[in-house]
Structure formats: C-alpha cells, structure tokens
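Across the two complexes that follow, chain A remains constant while its partner is chain B and subsequently chain C.
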Partner chain A sequence: MNTWITLYTLGIGGFLRRVENLKRDVAIISVGSTRFGEHWDKGIKDLVWEAGIQAVEEAGISGRDIQYIVFGNMSGGMFEGQEHVGALVADFLGLNPVPATRVEAACASGGVAFLHGYMAVASGLYDLVVVGGVEKMTDVESVQATEILSAAMDYEWEAYFGATFPGVYALMAMRYMHQYGLKPETLAKVAVKNHYHGSMNPLAHFRNRITVEDVLSSPIVAYPLRRNDCCPVSDGAACVILAPLDEAKKYTDTPVKVEAVAQASDTLSLLERRDICTLDATVYAAEKAFAKAGLERKDIDIVEVHDCFTIAEILALEDLGFCRKGEGFKLYEEGETYVGGKLPVNTDGGLKAGGHAVGATGIKQIVEIVKQLRGEAEGGRQVDGAEVGLAHNVGGSGATAVVTILSRR
Partner chain B sequence: MNTWITLYTLGIGGFLRRVENLKRDVAIISVGSTRFGEHWDKGIKDLVWEAGIQAVEEAGISGRDIQYIVFGNMSGGMFEGQEHVGALVADFLGLNPVPATRVEAACASGGVAFLHGYMAVASGLYDLVVVGGVEKMTDVESVQATEILSAAMDYEWEAYFGATFPGVYALMAMRYMHQYGLKPETLAKVAVKNHYHGSMNPLAHFRNRITVEDVLSSPIVAYPLRRNDCCPVSDGAACVILAPLDEAKKYTDTPVKVEAVAQASDTLSLLERRDICTLDATVYAAEKAFAKAGLERKDIDIVEVHDCFTIAEILALEDLGFCRKGEGFKLYEEGETYVGGKLPVNTDGGLKAGGHAVGATGIKQIVEIVKQLRGEAEGGRQVDGAEVGLAHNVGGSGATAVVTILSRR
Partner chain C sequence: MSNSGVPKHWRSMKERYRLLGTYCENCRTSFFPPRKICPKCRRKGKTRQIEFSGRGKVFSYTVINVGSKTFESYTPYIIGLIELEEGPRVMSQIVDCKPEDVYIGMEVEACLRKLFEQGESGIISYGFKFRPVDNSWKEYYKKLLAEKKMKIVQRIS
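Up next, the complex of A and B:
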C-alpha cells in the first residue's frame, strides 16, 4: 500500500502528510441487487431487503454474523420523507443493535459507502461488513426528481439560479464539442452501446435496443443532450458483503479482491473549475487507485463508468487515463467499448440503460464487475477472461469521485 | 481496547464476532463552534467556515495539513436544497481534493461523524482529520421544520400517520409518568436547569433563565410536553480536529484523549420496542463505551446528554447507567445535575437552551466537554477539576445512539 500512499501524497501537491498502511486486504464475498427500474410496489425497505437477503444467502452466513452496516443514499429525505436510512437498514434487516450508518455524496453515495466499508475491514476493525446503496425515486413526479437531484450541485451558485443536471452536463458537452470536434452522432453512440448491453442484462432498467437515429430524434432536454443522452430515474438497491481476503475462501470459491478504492473531492460548482471538460476528482482518484493497486490502464479488462449523460462516459474514460483528453469519443467511432471490443465499458448497460438509482449506483457497478470477474454475467454480455475491473462513481458534476479496482487474482 | 471488543461481542448476545484492535489512541487537538441560534445572515457554508477556521487556527495548522473530512448533517436537502455537504465543506474550506464525506444518522449525525473520524485516525489511515457537523434550519417555517425532522422516524409506520417528534416523546413521557410517578413539575426542572446553564454560555441559543412556573404555563405541544419542554430549532456548526494521541502535544498543551466512542442501532419506530421508556441503543452504546474506556459511572465528572425534550434527559441518565430505570427524575428534585452538583448535566445548556442544530449537536456536545476538561468553560459554568466527560447523542427517538468518553488524562 506504500505506493498508493506516496502517490496520494505527491499526487495532490504534497499537502497530504504521511498516512500509514492499512492492516489487511479485503475481498467481496457476495453480492445482491434488485432490478433497477420503476418499482411501484416497493419502498426503500423492500428494496434493501431484496438486495440484502441475496447477499447474505450467497455468502452462506446468518445476519447475526454481520458486524457493521454502511449504506449509501442520496436523498431519502426529499424523495420519500425518510432520512436515518442507516438505522432503517439495520432495523428492517433485523440486525439491531449492529451500528449502521448512512453516507451521502450525491450520486457517489454508493462508492463512498464502499470506501467506508473497505476501511472498516482493512483497518482490522470489523470482519464482516455489509455495504450497500438504495434509492427510491419514482414516488415523485419526474420534474420534482430533477429538482431533488439539483441538491447535489452548489445550491447557492447553481441550483438557485435554475441550473439542472442535464443543463450542467450540457455546458460540459457544448464546450467539449467546441474544443475537440465531437459530433452529436458520436455522442449518440454511447447511448446505443449502453442500450445494447442493457438488452442482455436482466437487471437493467431499459432492455430495448436503440439506434443513433432514435437518439438524434428524441426530444432535446438541454442542447446538445436529448432524452436518449440522459439516464433514467430509477428505484433500486444493491449490496455486497466484505470480509478479510485471507478468510474469504471460507465463504466463497470465487472471492473478488479489492485492489484499491480512492476518493477525491472538487468544487461543487462548474464555475470554479480550471476546465469544465475535466473532472479533476476523477483524475486524482484514478491516480491514487492505480498506484495503490500497482496496475496500469492496460491491465483493466472491464470498466463501469458513471454515464449519467452520454458526455459523462466520454469524459470519464479520458479522466481515468484510458485515452488522452479530447480523444475519448474516438473509441466510440470504432466500437471498441462493446463487449468483445478492446475495452468493454458499462457491460450492464451503465446508468443510461442499466438505470440510475442514485445512492445504489456505485454498488450496482461493483456488483456487475464482480459478476464479470466470476464469469457469471448472463445474456451474452460476459467478457471472456475478465480478470481486473474498474468502477468509477461520480457525485454531482464531479465534486466527488470514487474509483475502485477489483480483481479475481 | 480488548475489553471493549469483548464486551461489544458479549453485550449484544454474542452475535458480533471477533473484532481486532485499532492501532492507536486518538486525541482532540482543537475545537470550533458557532453560536447556536437563528443566523439569518448565514448559510451552511458560512457556518462551516466560522467553526472550521476556529479549529484550524486553534490547532496552529494549515488547511493543507488536513487529510480527511467527515461532516454530520441531517437534512441539508430538505432544509436548504443542498445535499452533497461533505464535498461542499471541502470546497468552501478550500481543501479540494481532500476526500470529504457526509454521514447522516438524523440528530446523531454529529456523533456518528465523530466515530468515523475517530476510526480514520485510530486505524492509522489518517493523521489529521476534521470532524464536524452543521445544520441550517431556520430558512423554513417552524411547522415545516417539524415535518422535516419527522424524516428521522420510520416514515411508513410513524410519520405518514402524522406522528411528530414532540408526539413520539410525549408517548414516552406519558408511559414513564404512569409507570414511575414522574410529575410535570419535575420534568420542568430539567428545562429550568438547562436554561440556567445556558445563561452562562455565550454560544447558547437561549440565555434567559426560566422558572418551573414558566414551563408549566407555556403552551402544550403534545401533552405532557409544553413549549418549554422542547428544544428549539437552531442554525449552527461545530467541529473538532483529531490527531494521534502521541503526536497531539505538537499541536496543543491540552490535548483531550478519546477514551471511547461506541454506536448502536435500534428500531426506528416505537411500536417495535420492548419498552418505550428505554433507549436500548443508548444502553448498548454506553456499555461498550465504558468497557472500552475501562471506566465506571462514578469516574464521570460531566455529562452532555441528548435532551431534545425534557423527558429525554431523564431517560438518558437512566439508560447511560447513572441511576436505575425509573429513578432518573429524582436527581432533579435535589439539584444534583447543576454545575456544582454531584453530576453536572448539560453545562452548556444542552439542546434545550444551548440549541439543537441537529447535524451539529453531537459535535457541539464534544466541544463543551473539551472546554470543561481544559478548564476553559466561561461564564461561571466551569466544573471544578473536571477530568472525564461523557457525551451522548441520539438519532430520532433512539434508532441510533453514540456515546463518547473523553478525558484530560
């Protein structure tokens, strides 16, 4: 872990001092996830229960073995009138008095929860930890959902003036198109690819395949982003159970090792950024994660990135270092990001087709990578021989980013 | 730390397995707090800045020395349209790209944030960590504030049917009065004492002294609770900086050692509890904390408990083990909980007079104990020779409880 620490320290201008090693490696021993979509018959509790019980059963443990619970949730308060979601999970899974905490970092709530759970095990504090995420979004009108999601931006400097997330990402897209020559036709290919992948994933929100023409003829939300450039508003929950790596074989034949998790922050508002086409938090988190894992970009077999809008997927691949700034969209001109391509991206359909239950998304990405590394991805979307995967979860327009690297090594 | 772990394991029926030791002891090296009250001219950012800068200056460090930020906030979303408060703190304190996370456990958000910061340092992961809490509550009508706070209960089984927090605590109070013979006159003495203490605290929301008659003649909110049995809705922020104990003297001559922090959960709704006059989460958290600290109740010189309503202070003293169930109110008949008494409780005025900016309250309590242990409590409220203090922070009606023991040893 020393490399990681060194990089972490140097990578952000030397202002983070010495940080000691964590005690031990961590593995994911089981996963669970609801379908993402419109669950009219389910509330937060039902979603958590469905995902949680899958993970507990898959690990072959009893709920009584669990020592700690961390759940990501962006806004149970505004969506459902329900805060205090950590305790709610412990309550509804029958796990009282186990300590249970909700963490929130907007759409990166799941990724941050994963980091907290990872620390709890890696530090030696707890052995068996449930990490999850949940969001119930469809009990409000979609206009209201957009308004609620705006709470992830800087309220005083963005949301108050009427900015919405499609609007903010449209600003990024416009600047990017101007600067690097991206065309809407190429942007559309991100959505086409993600719907294609989603069509093979039984847990995806949208399973229909679409064409470039479908995207370009869908209504404009915030130019250049059209309805088919935007991810849906979804209900869903996902969770994983973590254990020390050296004990993981007790629970599963196919443990997945957590090679690295790294989090970084940036300004909430775009106006303070050095470049609105770059998510610096992603850049920092990726540098830290690769250094800690001791891996290079070419070692990554599959990637789950935070494609809340089509432009976000292109920015992510650049900021993660898979290609240079301004060249990400070229990967889409030749189909390299499909299953079977050089770098399969969002094999579960991503946020666009897989769905975006905001607090659960960071965990859903990890669930997909675990399935791929185990060779268990159904429907024809399995990437042959996948050994190392990366998940990238963003909060807001990039004020939080979490990068996680997993392997079956 | 072994004792703590053992107790933790046994104390809750043996269903928590082995948990390893943390690496090192932790100290509080500095504190900062705004006044709690109605800050019409300040938003979340301004409150965080005011408390944060005090703590950074008192520690004599630069913001660039900070490695991690954890902030408690209950509902920036519903109060202010602002979620993503962790990243907001990093942004507004100029600390990007330092990882920054918001944790939430309703009114125990501050206490849970303190636990997370403690783990980050105790595990050896980070050296200098800022832990804080903030809530900006007065930009909404007070009826709306009550509605927002209801999100800390079980929405489906309590809030949906119109339950409010005064209502829920009134149920507890009615049951307690029936079972143990508590009279409203004695309940009123809790508020009288806390206003007396608050009158000596320049940071308190209310600094007026009141009488038992004032309480008994104030309007009924939910019988037997009257307006003067209820804490106010406050704006405020508080924070502390944590460092490894063995390095704390580099930053301060008066480090305060964190002897223990423990968290437990319970059902959100009252209807599932074995006894609505007992907060089991407090009982469990207290047992763990005392065992870890290797201390007994008689070793505690000052206590800050979560007196969101007068009845809550009485329940807290019982559940923390300072007296038997059903006997807590007798402490108030003889004035033992005043500064100068046998067990001074809520020397800063508690939530009742000190104020209750929900996400900040758990940290505000810790700030008061630090000041007392340093001998720096102004206004005549200093407890002579205070060496060990305990803070008790509750989320909702007891679904989360955090108990922290601090010493100047």
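Up next, the complex of A and C:
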C-alpha cells in the first residue's frame, strides 16, 4: 500500500489507474529458441530460421496461418551492417507478404516486441502472431561491442565522457555498497547461482559451474564489477507464437495465458535518476502488471530477471517488490533464489550464464517461463508445481522496463 | 562513436565546455543536462539557462578497466557521478588523482580537458572533467613528473 502512496505522490497515478479494455485474452501456444552463445557459422537469418521453425512446428501450423510478425533487434546495423530486420525475417522464413515489424528498445527490444504482439492479438487485429528476437553480436571485437552497447545509454552525456555500460552499472553498485553495506562476495553469489542453473540448461551460453573465488579472482571490468559479474555477448534467437486464449486449445494441450504485460520509461541517463539504486521504470511496470493480473507477489512461483550485471539482479528483485530496498542481497546470503528455494530466480542461467543476445533476451526469458509452467524444463532445473511466472526485461541502464506475467491457469 | 572528420552538431553546444543547465523558475529546480521543457511542471514551467559553479561532491565512482574503442587507450580511468552544489548530477571523468584516492563524498571541481580524438587524424573533442578541490592534484603532478624524471618547465599556478 505504501508503494501506491509513493507512486501517487510522484504524480503517475494516471498511468497506473488506466485499465486497458482489451477485447480478449491471449495465450502462448508454442516456443522456440536457439542455443545462446558463439555461433561462428551462423548469421541473423540462420538464427531466426532455427528458432522460428521450432515454434511453427511445435504449434503444428502452416506458415500461411501466420498473420503478423514482430521481432526485437537492438542493432543489426551496427553489429552486422543489417537493418530492416522485420522484412528480413518475413522474407527468410518464406512468409511474404505477411506484415513484419522490427522493434528496438536496446536490451528490452524482445520484451517490447512481446508487448506489441500481445496488443495485436488482444485488440482483435490479428489471430496468430509470431513474436521473436534476434541478435548476432560476436562478429565484432569486444571493444567495438562495448561501444555499440553504450549507445543504449545517453550518448551525449554519458558515453561521450567515457562511461561504458558496465561502468554505469558499476556506479549503481558502488552507491548500493556504500548505502546498504553489500559485499563483493555476496554480489559474486548471484553469478555462482546463475552458472549453477546454466549448467542444467542445454541452451545456455555457459554450462560450467563457478565458485565465489572464481568470480573474485576474475579481472576487473569496471570496479567493483569483475568479468564474472558481467553477462557475455551472445548470438541467439528466440520465438513464441501467440493466439487468442479461447482458440489456443486448438493448437496445444498446454497453452500458457498472458496475464499481463506492462512497460514503463525512465530517464535515458543515470545522472538524472531520482535514486540511482532504483530502476523506477521497473517499479512502475511491476505495479501495473500486478494490478492488471490481479495477483500478489507471493503468487509468483518463478522469476526471470534482467541480470546483465550481478548488481542488476539484486536491484530487480527489490524493484519488482519481492523484498524491500536494501534487502535484496540477503536472499543470496540464504540461497533462497536457487531451484528448490523460496523464490527461484533465472532458472535458465539468466543473462549471466544463459547468455545475452540483446534483442532476443526478452523472448528467451518468456520461453524459459513457458517451459517451466508446462513442466518441461530439462536437466533438473524444473521448479515443482510452477503455476505463475514473471519475466522482467530492461533496456539500457533502466530507461525501459517490461514486466510480463504468465500463468498456466 | 563516429570516426569521420565531419563536424557534429554538438560542436556548437556550449554545455559541453561550460557547465550550463536549465533552471525552472516555477518549481525552482535545476536540471542537467539542459532541457527544453521542465519535466515536473511541463508547459507551466518557466525555464532559463543557468551556469553551475562546477563544484560538487562524488556521489558514486568506478574505475573503467575495459573501455570502448574510443577510450581504449586511456584505461584505467575513473568515471564519477558528481552531485553539483546546485543539485543536479553530472557524469564525467575524475582526473589528477589516483583511483585509490577517490572516495564517495570527495569534493571536486570542474576543469576543461581533452576527451578523445575522432579517429587517427580526426578532430579533438573537449569537455569537462573533475579534479580534487583540495589542491592535492598539484602534488599528484609533482610525483608523476618525478616518476618520469621530468622537470616542471612552466609552473602550475
């Protein structure tokens, strides 16, 4: 209740009060995903094909049934020299003349694409919609990748002065440590947990288990963040197919209902934030999503959060409302975020071990939750009796946040 | 970002070189970077340009070991989030001191420095950076010169 009062005093009551009059409920009928990692021998088209065909075959539909395509892609232009990714997807999947749109919201491109696919079905405009994400990142050297990713921040006032993406999250981490007494050892436990989960996921970028010592002895990228605090640069694509809920049973026995999708924006730069240890966009999107779904935090069985850096996972759990500000890291001291714990977080290894192909990440998170809700997560990472899951996708240092709640009700 | 020698629009932005921001007379808040519209009062706001003193405190900082291509040759360098006396925060480099000497709450002041060169023979970009306010930077330079066995030819005043 306190959160609501704070939000109203911030003057965004209107944003939350607005209730969409959607024509119908939406369900996910099938999913597909490539392995995330270094695909030296594959380009954007190959990745899209691999994820797309899995989803289409699983749904048992023909390409002719598809009415609309939305794809998330951050920077095909800067990574590969390839823009116009929407039409490229339709073309290469042999689906012309189906309309196709490319959505860009930095690392939240996938999540925002999902929102747009959801709107297309919920409004009644289209029935069968393919939503996906793709990114090919390993064809450039790492300094160049750092430069391209820094375009997700405020270029004029951050990157221009030498700030990098890890640098901006390091500024949040330093302040958080100063304010709340977080230790680098606890931060390391986030990466250890994600690698443990990644080791059970055949699609993960990294499948090795690591220890706290491994993290603390890895080279510093931007103090206090070390290499093992940062997610990798990956190639990958992921895809889901949406249909109206009341028709979903035609395609699958296990449709997953989209309870809510909510998106919010915040300042592009870190320097203008109200509090640099809070991602306000996440707070707003979460409040809105929970209100729309009519659910409480305790109803959530499994969470996929945007852990581009270890500190981001701790901030996300706090901002989503699972614990109070400044207390998120205590969950890691007690090991509650493992499969089998009170709140399993990033069961596919998250961005850290699962991989981060920026435009595809938001969809990859949804694919994992669908697998968990269907009881199909392999390798021993299945959460028993998971019924409701939440995915949290962030763009930049928090300028865009998308929160999606899915259930098997 | 771009390596071409073409002049960019921001070359004429005074805010790059002097700490110029926006002040809203309606809600009495200062903003940096400058804005066309006050995000609090929106069209009811009355904005005008303001020049900040350049003094502030370190709100948070980090040491960048892996830089982007443009800044690769400058690593390791310190990036700070500076809270100005007037309220707004600025992100920039902290110079004239060692990474281990920086702490949250340290008093700093703005100075004009070279930021980077565009490409190998490109235009030099200038902008503000921050340095410790307590004159310790003079000591820092003396030590640096001594280490390199160089002498001060022109006195730093």
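Assume the second predicted complex is superposed on the first by the 391 of 409 C-alpha atoms of A that agree within 3 Å, B and C clash if a C-alpha of one lies under 4 Å from a C-alpha of the other, contacts with A are read in each partner's own complex, and residues count from 1 in each chain.
By definition in this document, contacts are C-beta pairs under 8 Å (C-beta built on N, C-alpha and C of every residue); 3 or more make two chains touch, one makes a residue touch a chain.
Note that this is a predicted model, so its numbers are computed, not measured.
Could you look at A:150 and tell me whether it touches chain B, chain C, both or neither (first, second, both, neither)?
A:150 contacts both chain B and chain C.
Now for A:405: first (chain B), second (chain C), both, or neither, which partner does it touch?
Touch status of A:405: no partner.
Between chain B and chain C, whom does A:394 touch in the aligned arrangement: first, second, both, or neither?
Touch partners of A:394: none, neither chain B nor chain C.
Who touches more of chain A, chain B or chain C?
B
Quick one: is A:61 in contact with chain B, with chain C, with both, or with neither? Answer first, second, both or neither.
A:61 contacts neither chain B nor chain C.
Which partner does A:261 reach: the first (chain B), the second (chain C), both, or neither?
A:261 sits against neither chain B nor chain C.
Mind working out whether A:159 is in touch with chain B, chain C, both or neither, as first, second, both or neither?
both
Does the superposition put A:308 against chain B (first), chain C (second), both, or neither?
Neither partner.
Thinking of the overlay built on chain A, is A:245 touched by chain B (first), by chain C (second), by both, or by neither?
In the superposition, A:245 touches no partner, neither chain B nor chain C.
What is the contact status of A:87 with respect to chain B (first) and chain C (second): first, second, both, or neither?
After superposing on A, A:87 lies in contact with chain B but is clear of chain C.
Could you list which residues of chain A make contact with chain B in one structure and with chain C in the other?
Residues 150-151, 154-156, 159-160, 272, which sit in both footprints.
Okay, in this complex, where on chain A does chain C touch?
For chain A paired with chain C, touching residues are 142-144, 146-147, 150-151, 154-164, 166-167, 170-175, 178, 219-225, 269-272, 276.
What residues of chain C sit close enough to touch chain A in their complex?
It is residues 1, 10, 31-33, 59-72, 74, 77, 79, 81, 88-93, 99, 104, 115-116, 125, 127, 129 of chain C that touch chain A.
Which stretch or stretches of chain B touch chain A in the complex?
Chain B residues touching chain A: 12, 15-23, 43, 45, 64-65, 67, 74-78, 80-88, 90-91, 95-106, 112, 115-116, 119-120, 122-128, 148, 150-156, 159-160, 263-269, 272, 280-281, 284, 395-396, 399-400.
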